[in-house]
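Worksheet: one structure, shown below.
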């Protein structure tokens, strides 16, 4: 057990970001509800944002934050469109099971 | 210039005219064209030869050469379309045009009521053209034109009755067996070009003569043996003789002209022509002599028991050709050529006579269904007897003169050959007279009403009869002597006597068996049943060829090469590649399961691979 | 102070994220995601990104997640079925995940070795003023262009939701 | 813009024009296409003079820039560079000669979409002429591939039952080979910076661009494979029988007569001069394959029940001679090979045309469906016979000269090659005559022996059965009902629909017959101009070696493979 | 950080195409409720006008090349090439869509607006010189495409296509974004030119392993967008499910734009670490060709087959990318241009043939098309032959040039394998030709109506362009070459 440092090393933030990103990936892989899957993507974006802000801190620049701001905007827009698409899928198939959406294959 | 090209061109024109318009022309027109063209050709031969001094001062020993145009020119090989006449070709020219003319005349009578009349004469004229080209050729390749061309005409004429399967078969067989011979001939040509750089007779022989005899023996032997393969094909020697008996499927004038008098002797002519090469190849000479002799014996034995009159004469032809090769192989080229000429007379006569007989008895060819025709067709009978005497070597006939020369030469070459030859001569006399006795003596066993043939047929018979009897007095060997390397010759009289005696014995035996006491013949065939059967079935050579060559090739090609290799292996592989591609495609499609989470897993897998490859391995490196 | 705060909220974030992944009901997942977002907002603050932290709460945890919850409610989405029609994930999902997290974390922990540790208040350029100024000067173009994105979202919503086309 | 350019352009313009004609007036489309094709042929005759008079330099050269991208395509880029020598001349003439004939023979037999059919023939002509005159590798490849397309359609649309399989097989086989050739062209460009054939040749031959041994071998093989598939060389030939059998007559004619020559032409034009070392080193097994092909093709042809397949396999055999000649590296061999290309074009083309005539009459390609045709259609039989004889190499007809020269050329190098190859000549007689006999001789199917030959039964004696029906040799027995003469066959078998040649059919076949004889007797009309070109090819395929032996000192790193290559000789 | 920023006129001028397209798209949207049902045909015409104007603007913008908006954009030959290309694709798709939309009773202004917006995104991608613009550009282009893919929202296939595209697209974009974050952290910049400068400067260059990893993460995103293996999985399903004109659009426009940005990022920013990524792209290129070509062999659905073929073609372009030379870049540019035409053309014919509800999509149903509509069949044949790579078509010259570039870059094996692959492609392209020309017309063919004017225009333009690019490629190639040279300097 390494001693707990007085201040948080930046790499901890980055590892946290990596872990959250991976968990997002895991959510995409293992969840079967489309909405949850979509939320996993949001989780991944959030993880990326954390990285941006951590780097921004490291570089003492605001640019990273601006980037994460745009990611947020994009995520919001994506959410609107994505949920719209999910709604139409549900209207047509009455299911949100991701595994049921496989009429086109091979 | 003697305009030699006109000699073959006359019959070619005859062929063209009859071929193009003969179908719609009357028989008289066809006759006029066919006979006229050959007659013109014959006359032109006489004119050209007399201009060269044949009938006067004597022909010069040098060849008269006429060059027309370059036929093939590639690299340093130049082959001209050249004709040449020397003593050797002069003899052949006379024989071909002379006998050809007679047979054309005969055929107008014989074929008078056959379908395809114009076609027959067109082919016959075409044959004359090619045969004359063969004889006139000044180099091996022009000779080859004639060589192949006569083969073609032979094919066409044998298969003249093409709606009969056996006729077509026989024609095809003739052509293909000849092709085997041509294979040898062309290989010999290739060797000549490679070694001498030319195909011109003059140049090649010049070069060959300049060489000492012992030098280049290997190459000479190879060339000569290959030429002999060619000659064996064309002149029906072992092992390529099988086509000639079948060739009797053609109309009888064809058998007389092509398969007795002219074409089949082309091989002899060619080897005589190449004598300058052969003297450098003693081994090849031996082979020629032995094969010739063996052919003579074998064909004669078969001839002993055949019942089809044309078959008998066909085997007789094979046998006589064997004699000629025996002569060539013994170095007696002039004797060989002499026999070519005399044989042309008496064998043409035999066939034409046989045709007349067949004609008389309504198409019957089986000797057992003839008999007693002596009185019914006397002219035919008389002329056939002349021919039979000649072939049997009865003294003072043409056959005796040439055959004796051959046997003497053989004796000097190797005495045992002489003795075998003498025995064969006896057999020859036996089977020829057997056929004569069976046909003309005793009582008539057939159903038709025999009648004598018209003058168009008997006329040529009579001319040929005269030639058969008197042909021996033509001083041909002497005439040809300068053409060939010298052979020392000390004639011993007893050799001639033995040969004559053998012939007479054969005649006597035939008389005994077939006229005096016919039951003896049956008894003999019963006593020697196995032998008889063997001979009757021609030693089963056809069957053996079928089983050992034809069938394996056909079956092997079909089941192994075509079905097995071509369709099976190659196409199988090609289609297999196609199927493999399809299968890969099928497998790759299945990766595309349609499931979003699986797709995501692929993305994750890919990203891991890419990260590891681009990032981590780089850092480890 | 930084360390406990970081550890606490990092823990909350990871726990909520794990919860998002393992919960089978979408509502639970959505709430877990809100947890992640809120704790991330705290971490943003620690990193000196005040404006972004606020936006995170307002835009993300507020607006976006409400949208999610709304849709979940609207569709009355229930617990997932236990079906697994993806053999790829079934057999390779967990190994893939393990390798992936390993590779990413391994890469990232070696990054920026010389960086100074994070001290709250050491970087103060993340306020609305600085962010706003950046947005309207250097990042004017992206800022304006994102409006197109919003327009598209708008049209998209219309296209996908309205009655007849 | 010289004559050659016009001759290339006109077929393409014709293709476009005919395609754009309204569907309703097929007759006009056919006539226009034929007129265009004839005009091209007449025009192409004017090519002969200058080429024949030349001393081996390119004639009718057009060399203009086509695709120039400075910086990206180094050197001069891709050029429209065409020109002809004695080899290309005759192949171009072969193409222009056969196209109108192909149209003539399809005049009535193509009823489905005739406009497109004739247009595709023009497109094919365009590609073929281009292939034979292209002097830029890119241009060559372009024309090479263009030829594929119309032929693919000709087979696929107007072919017989399994046409689609055959068409696709044809396309894929060729494609597989040509992509490797493309790779080789690109590699050559990479090394030399040019697509221009004379330029590349010069660079390679002068040693300015040295190729290592392995490079040269691989490049050679890439080119060779493409050409060998097209030839086709055993064992890459299996597309050919299928393509031929399924193709319509005109397709078979163009395919066999001209398209196969693309492969052999490529060998002569590109494989030998560009990669002389590799060509010579690999000549051994290539010749072996050629000879196997000669014999194999003949043997398989022997047992084919289908006429077109038989002719197709005979092509495999005949083309083996060409390859043998090419890889004998002798003047005679090359002359013979080029001549044989033309001969094969004429005689096999004629064979396909005649088989097509038969097919139009009886709608079968099976030999067994025929018999006794000579009785019903004597002229057809005669023409067929002449063609058969040409095909089996009868002297005075064309094939003989080619075969003779090839075999002679081979004999100069290795007599054994000649021995084996000459076996193919024997076999060619076997399969052709056998087919001829079964098709034209004998009785017609369904006709019994008794019907035509009242008293033949019982007279056969002797195992070979070559005894005679007595009637045939009997001049006086004229009352019987025999049908062996063609004269009275028509009435006897009127139910058998086998009319003799029509005027249109005569017009299509007679030029070929004339050429057979002309090329057989008057080879001097052709061989000198061929000889000049082949002599140069031969020279080029030699000079390179000498240069490369000298080179090593200048290019040290290449020393090892080069000396190896040189010492291997 | 500047306190004040007012863009200059030049900067607006360089951004003019995007502005025009945005305004027109908005106008289309606004007009729709105003004009009512009857005059809806105004909308596509307006979009076309906008596209042509944008085309003009893109061309004239090149007269004054240079950066804009703080280096966010870089207008150079490369960007102009791709802007022009995507706008032309847009024009063709608008032409091709009219009939489809009226047939499906979906002639809404939104369709055109979305199309135009998507093109805006692609234009931004083409000229982006900043990872932020790359991200936003990708998102604009993609989100619009997501909606377009699911445009007929009552159609199950459309939904499925949209959801698949959306979820997987966002998933991949997250990877891309993560990579951007890393590269930002490592270099402190998101400007491509700047990143390249830093990576090239030995003293300040960060750990190249980590740069490699971030390049890898970004590769995931780009490879997904261009459908390169192993990230190609989505493409067949999405192309198959989307409305045909949209499939045409997606396989041409966004793909070209994605390749543009892929090329720009890897040829400029990541050029210094090319020895790391080149082998990966080598493998990816090969896999892409193999997967695309082989999987296409067995397809029955023509849309799906074209989707696989589009994967295969991405593989060829990847070969050009592998070269990382200016000639390779030029080859990729040229290839994408010719591919866009032939593919849009092919899809346009499918649009025509599919009829209402896309009921005729099986390859076998095209039987005998050549008999009923010879012109249509001939045009489709031109496209297919071009896709197959027969000379005198753009597809051939593109392929030729790609492999030439590969050989120049010493990629001998890739060249050989790629060319063999292109022979495999003959398998499935020929099948369509076989069916059209060599089979008897079936029910589907018999009931086919004549080609509408819009589709006709689109198809003829595509065909002409395909042939012109095949016969006279020099101008386009010249331009591509010079731009590529300039960009990579």
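Going by the order they are written in, the chains are A, B, C, D and E; count residues from 1 in each one.
As a convention for this text, a residue touches a chain if its C-beta (ideal position, glycine included) is under 8 Å from a C-beta of that chain, and two chains touch if they have at least 3 such contacts.
Nothing here was measured: the structure is a model prediction, and the numbers come from that model.
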Touching chain A and also chain D, the following chains: B, E
Central chain of the complex, centres being mean CA coordinates: D
Pair sharing more residue contacts (C-beta pairs) when C-E is set against A-C: A-C
Centroid spacing, where centroids are CA-atom means, of chain B and chain E in whole angstrom: 77
Distance from the mean Cα position of chain E to that of chain D, given in whole angstrom: 45
Distance between chain centroids, defined by C-alpha means - chain B, chain C (Å): 102
Approximate Å spacing (C-alpha centroids) for the pair chain A, chain B: 97
Chain D: positions in contact with at least two other chains: 172
Residue numbers of chain E (touch at least two other chains): 1, 132, 136, 139, 143, 146-147, 150, 153, 163-164, 167, 171, 182, 185, 207, 209-210, 213, 236-237, 427
Sites on chain B at which at least two other chains make contact: 578, 589, 592-598, 600-602, 604-605, 607, 611, 615-616
All touching chain pairs, where touch follows the definition stated at the start: A-B, A-C, A-E, B-C, B-D, B-E, C-E, D-E
Residue numbers on chain A that touch chain E, as the complex places them: 14, 21, 24, 28, 34, 37-38, 41, 44-45, 47-48, 51-52, 54-55, 58-59, 61-64, 66-67, 70-71, 74, 77-78, 81-82, 84-86, 88-89, 91-93, 98, 101-105
In the complex, chain A residues that touch chain B: 25, 28-30, 32, 37, 98-99, 101-106
Complex interface listing, chain B residues touching chain C: 593, 595, 597-598, 600-602, 604-605, 607-608, 611-612, 615-616
Interface residues, chain E side, partner chain B - complex: 163-164, 167-168, 171-172, 175, 207-210, 212-217, 219-220, 223-224, 229-231, 233-234, 236-237, 276-277, 279-280, 290-291, 294-299, 424, 427
Chain A - residues contacting chain C, complex: 4-27, 29-33, 35-36, 38-40, 42-43, 46, 49-50, 53-54, 56-58, 60-63, 65-66, 68-70, 72-81, 83-88, 90, 96-97, 99-100, 102
